[in-house]
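See the structures that follow.
Consider the two complexes below, in which subunit A is the common component and subunit B and subunit C are the respective partners.
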Partner chain A sequence: MNEAILQMRQITKSFSANKVLRGIDLEAYKGEVLALIGANGAGKSTMMNILCGIYQEDGGEILIDGKPVKFKHPTEAIERGIAFVQQEMALMPTMSIVDNLYLNNFQTKGGLIDYKKSKRKCVEVLKKLGCNYSPDTLVGSLGAGDRQLVQISRALLSNPQIIIFDEATSSLTLPEKERLFKVIEQLRRENVAIIYITHMMDEIFTICQRVMVLRGGITAGKDLVSNVTHADLVQMMIGDKVKELTEKNSKSAAVSKEAPVVMKVEHLTRKGVVDDISFEIHEGEVVGLWGLMGAGRTETVRCITGLDPIDEGTIYIPDRDAQLKQVSPKKMIGNVAIVTEDRRVDGLALEMSVKDNMTSANLKNLTGRIPGFIDKKKELDVCETYIRRLETKVANLNQPISTLSGGNQQKVILGRWLQKKLKIFILDEPTRGLDIGAKADVMKVIRELSEKGTAVLVIMSDIDELMSVSQRYLVMHNGRLVQELPGGATQTELMAAALQ
Partner chain B sequence: MKKEKRKFHLKEFLMKYSFVIIIILVFVYFSLVTDNFCTAGNIISMLHTAAPNFIFAAGAAMIIVTGKVDLSIGSVMYLATAVFTVLIENMKINIVSALLGALVAGLAVGIVNGLLVVLLKVTPMIATMGTMIAVRGIARTVSGGMPLSLPENIRGLGTYKIGPIFLDIIIAFIVLILMYILHSRTKFGRLITAIGNDEKIAVKLGINVPKIIVLDFMLSALLATISGLLLSFQVGGVTLAFGQGKEFTAIAICVIGGFSMFGGTGHVLKGLPIGVMTLTIIEAGLNFMGVSPYAYQLVQGGIIFIAMYAQSYQSLVQIKKKKNEEIAET
Partner chain C sequence: MSLKESVQKKEMKVDKISAVITALPFVILIISIIYITSQNPYFLTLSNISSILLQTSSLAIMSIGMTFVLIGGGIDLSIPPVMATAAILGVMYMGQGGNSFVALLLMIGIGLFCGLINGFAIAYLNMIPFVVTFSMQMMTFGFCMWITNSSGVTGMHASFQRTVLFDIGGFPLPIFLMILLMIIAQMFLKKSYMGRWLYLSGTNIKMAEVSGIPAKRTIFATYLISGTMAGLAGVILSARMNSASATFGEDTIVMDIVGAAVVGGASTNGGVGTAYGAVFGAVFITIISNFTNMLHLSYNTNLVIKGVLIIIFVALDMVKQGRREAK
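Our next item is the complex of A and B:
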């Protein structure tokens, strides 16, 4: 048994009042791949950001080779041999490979960059990864897999002893994935310690020797991969909450399959993002779109509503005679209400007033006697109705919406769509960042919508919240719709489906 | 796949080299319809007129590479020359100290621009529009609201020749080479390109982005100062509208030269000469033909549109190509 090269002891971290890590111990060993898994928000990324010096721990200590270290800045972590291959591509597309590799660490000679030396080293590292590109190739002209290799090359330049891969395979095709696994295996043989964050269970059993499970900021379990099964890991990720939650299942009964279909999606495909998605939603139904981060849930609804382009697929909604008719995704926005994941970016005009934000999707119906001009009184009436109905806390309708709390902002967005009396609501993380009271209000709105016959497609990463409203689940994994589960499904079933 | 790359696309070729082709066509046209256009004397005199443009456009290019914009260039040119002229003419200070004074004034504006963008997080366009207006006001105060003229001995510098070539052409050439080296061979140059690609990633990689941006605005102001001085030597003094609108000429030159306003792209040696000479040749040619000077503005506007179209067309082609490749891979 070799010594742990990295030990993180009793690490704690809070963001304002939110305790993200509550004393976690992590060890990584030379020549081994440690899988770090856990549901969304379990603390994996925070833990790794601390290790890389991006965040500083509140408590606990980090030991490398038995010596305590403290990183105040990412460069300090790099100097101690820690490299981080991030999930999102941190590359500059209009620059060459060699520029990208040395961006934060150019070798200079007499004030000028020593390209001769840099390129030689660059070619060396690329070769090691089985990559034969010229160092002058522009990164923007490479495919996702090769870009990933460039990122790994950058990490390798500092000859790290510890490499962290954060969901490294999420944007790769199968052959690219296999090539990456070979690289990881090769690094492992060279006695590097690897920490591998993933949502893909099969990957753990393919390339990892140890596994550590986090849950809600605590260690839920750690073991050798050879000692655990798929089911064990699922159990660890969910914990004991299972029983307690499946019991209090107060949501309304499933809508019968006979209810008219209000939206039908067939073979929706966006290359490399979502693959062959087909489903139907019935009148008055709340459907939970479930899956882990990166499964393609948000991308699916963005494709349906025309926010992202699609490569294939058709969407049907009923016309006036209740006959299903094909519509182009670009036209969906007028027919469905959409509340996007990041309301600050997609949903709100932050500098505009509460009133303007609330009525912005419905101006056509608010004109008065003079065509084209807004009827102020009508507008005010509408605003007041929905503000009262959603119990929004607003001092003045003319205050900028940026001055409201997150919960109240979310209610304004909901109010904006409620006034249009649409048949379909698509809600992407409608409760994110809200306090408990506001969350309950949003849940209430969802139930009311459903009772009035509106179909709701909802995405929530918090499984408890999702289970409290959904009457049916569509489970996504890796860009595909993998399973459909009834409203009575247990948390274990949902987790198992999402983890595959 | 390699074969496909070699395939000749006429439209792509035309788009890529559109301005080289335009320059040649326009030059040939003017040579044919006017006398004396295609003479060594005229070519040198065109380069002479273009010299200050090369210099301030190089500064603007270094800002545009970061995806930002500097609208204060024209006002900096005015302030620096006004300070220089007042120091040398009214206060009778020696030329070296006067140059230093002009430099300090110009760089101060650059620092203010940089700090507004970095510390107060003001959008560069708004920040430098503010300084553009304010600095012009300051410069008018400095010059007492009057046009100023330079002493005879300094005015001579504007038409000083080394052999057959004007001194300012040589200075512009040196500046261009230096900017090329700075942009493509130094850390600073690579980092401004990186910032133009994605500022957030640059921060994550541990690059001191604020410092680079402030230095970059200082560089732009420095080049505007040099350019303003050269221009004033040429014309012999400073009017109240000195340098006005040069910031937009600078942007036009960069766009024509292939610098994307989104940042990250562009080549100093391949781009700027094309941008500067397209505008200069057309202006001189129209002049030669005796066309109304206002027609030039119309033509300039048209050229900027063509440049913008060529840029967006090229990025469209690239997106399409990439998509096809990705599909081919899967």
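Our next item is the complex of A and C:
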């Protein structure tokens, strides 16, 4: 039994009032791969960002080789031998491999880049990973797997003692994955300590020696991989859920399959993103689209609503005679309401007024006697109606929407669609970043919609919230729809389906 | 107080610095007018005002077009040489014995056509407005120089000129046209749903698309409008000059247009601007030009002063934007 090279003791971290880490102990050993798992928001990323000096811990201490360290900046963590292979492809596609490898710390000679030396080192590192590319190759011309290797090479440049992989396999093909595993195995044999964040259960049993489970900012369990089973890990991730039973009573019974279909999706495919998605939604039904981060939930609804292009697939909605008719995704907005994941990016015109944001999707219906011209009174009436209905705190309809709190902004977006009286609502993380009161209001809106016969397809990463409204679940994993579960499904079943 | 009443009181708190920035062009304008009048007592006579407004009209109409494009988040650098192309071809057509009315349609049509190309490339091919319209500027300016051999083109029909500059109570028709276009454009921008679509698309095009607004078509249309306005300005300017030449489309004129739009409150960041502002800005630029002419400054000094003014106004606009976001 060797010495722990890394010890993180009683780490705590809060973002404003939100306690993300509540005292976590983590140890990593030389020559071992530690799997770090947990549901969305369990605190894995925050933990690793602290280790890399991106965030600073509020409390607790970090020891490397038994000596306490405190990183104020990522470069300090790199100097102490910590390397982070990030999930996002943080590479410059228009630059060469060698440029990407060094980015901010080129080997220099007299103030100029010493390309000769840089390239020599680059080739050396690439070889080690079994990569025979010339250092001058443009990163943009490489596949996802090779880009990943470039990222790993970048991490290896500093001869790290500890390497963190965050969701490293999420965009890789099977052969690429196997090659990556070989690389990890090789690094392990070279006595590097590896922390491996993943959502894929099988990977844990393939390449990891230890496993640590986080849940809601606490340690849910840690053990040798050889001592645990798949089921044990799922149990640790969700914990003891007594709450489940009481929550479920408040939601209405499942909608019968006899209810008319209001949207039918067949073989929806966007290459490399979502694969062959087919499902139906019935009148008055709340369907929870569940899956872990990166499973392709947001991508699916963006494809359905024509916000992202698709390669294949058809969508049907009922026409006036209630017959299902094929409709192009480009025409879906207007037939469905869509609340997007990040309201600051594509949900709001931040510089414009509450009124302008409220009516943006309905302007054609607010015209008065002169065709094409907005009837001011009609517009203000609509704003007033929905602001009151949703109990939105607004002082003046002309105030910029950016001056409202997140919850009130979200209510304006909901009001934007409620006024159109549509039969389908698609909500992507409608409660994200809201306070408890606003969350409850959004949940209430979802229930009311369903009672009035509107179908709701909802994505929420918080499983408790999702379970409190969904009458049926569609579970996604790796861009595919892998399972359908009834409203009565337990958290264990949902988690197991998402983890596959 | 109901929310509806709250709308009546426009702004709850007016940001003082933003208010000063908005008032600044008015102050400069008034000071300039006072100074010019003190030097030249004839400045504020009716006939001189009429002549200044006539001078302003073509610039104002082009600024209205530019304002549409700016609200949509783009820029159209090709307006002046497109205007020159329209004027030259129209006058040449008349010189060949063509019909005056057809010449008028031809001029407007040429503007529309150039706008169509700009708009298509920008809205549907996702090309950068600066690159597209700058290329269009080079193309049309080169075309003008080439086809006119860099000299003036004559052949304007007297009837064309008489009709375009028709005098109503001491004021020629273009002044009324400018005012009419300003009112129509302002109504369209502020009261019609398509106008609202334009502001939303210019502020956040992704949000517009998620709201089901045909944002691409909206952006496309702004270039059609700026092109058409360029054609219309060509009609007025050629009638006023009784000829047409490539110098109509000199590259410095585009800065007068952008300057007028920005002084009038349009933002180069998109989502902001009014037609009233565009016309006010055009009056401002024209009077400042008159002012610097009176100081007997050279043409080149004039350019320096205008350039500095425009940069100052764009900078002030950024300050205003920053304050709005900070709120």
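As a convention for this text, the second predicted complex is superposed on the first by the 493 of 500 C-alpha atoms of A that agree within 3 Å, B and C clash if a C-alpha of one lies under 4 Å from a C-alpha of the other, contacts with A are read in each partner's own complex, and residues count from 1 in each chain.
In this text, a residue touches a chain if its C-beta (ideal position, glycine included) is under 8 Å from a C-beta of that chain, and two chains touch if they have at least 3 such contacts.
Here the structure is a predicted model, which means the values were calculated and not measured.
Looking at the combined model built on subunit A, do subunit B and subunit C fit side by side or clash?
These partners clash in the superposed model.
With both complexes overlaid on chain A, does A:A90 touch subunit B (first), subunit C (second), both or neither?
After superposition on chain A, A:A90 lies in contact with subunit B alone.
Classify the contacts of A:A438 with the two partner chains as first (subunit B alone), second (subunit C alone), both, or neither.
In the superposition, A:A438 contacts neither subunit B nor subunit C.
What is the contact status of A:I426 with respect to subunit B (first) and subunit C (second): first, second, both, or neither?
neither
May I ask you to decide whether A:A39 touches subunit B, subunit C, both, or neither, giving the answer as first, second, both or neither?
neither
Answer with first, second, both or neither: which of subunit B and subunit C does A:V228 touch in the superposed model?
Neither partner.
For subunit A, which side has the bigger count of touched residues, subunit B or subunit C?
Touching more residues of subunit A than the other partner does is C.
Out of 96-104, 186-194 or 294-302, where does subunit B run into subunit C after the fit?
Superposition on chain A puts subunit C right on top of 294-302.
Residues on subunit A in contact with subunit B in one complex and with subunit C in the other?
After superposing on chain A, no subunit A residue contacts both subunit B and subunit C.
Given the complex with subunit B, which residues does subunit A contribute to the contact?
Per the stated touch rule, the residues are 54, 73-75, 90-95, 99, 103-104, 106, 108, 111-113, 115, 140-141, 143-144, 173, 271-272.
Flag every residue of subunit A that touches subunit C in the complex, lowest number first.
305, 307, 333-334, 338, 340, 345-352, 355-356, 359-361, 363-364, 366-367, 372-374, 380-381, 383-384, 387, 394-400, 402-403, 416
Which residues of subunit B touch subunit A once you look at their complex with the stated criterion?
Touching subunit A from subunit B are residues 181, 185-187, 190-191, 193-194, 196-198, 201-202, 204-207, 264-265, 318, 322-323, 325-327, 329-330.
Any idea which subunit C residues touch subunit A in the complex?
2-4, 6-7, 9-12, 187, 191-194, 196-197, 199-200, 203-204, 206-213, 271-272, 321, 324-325, 327
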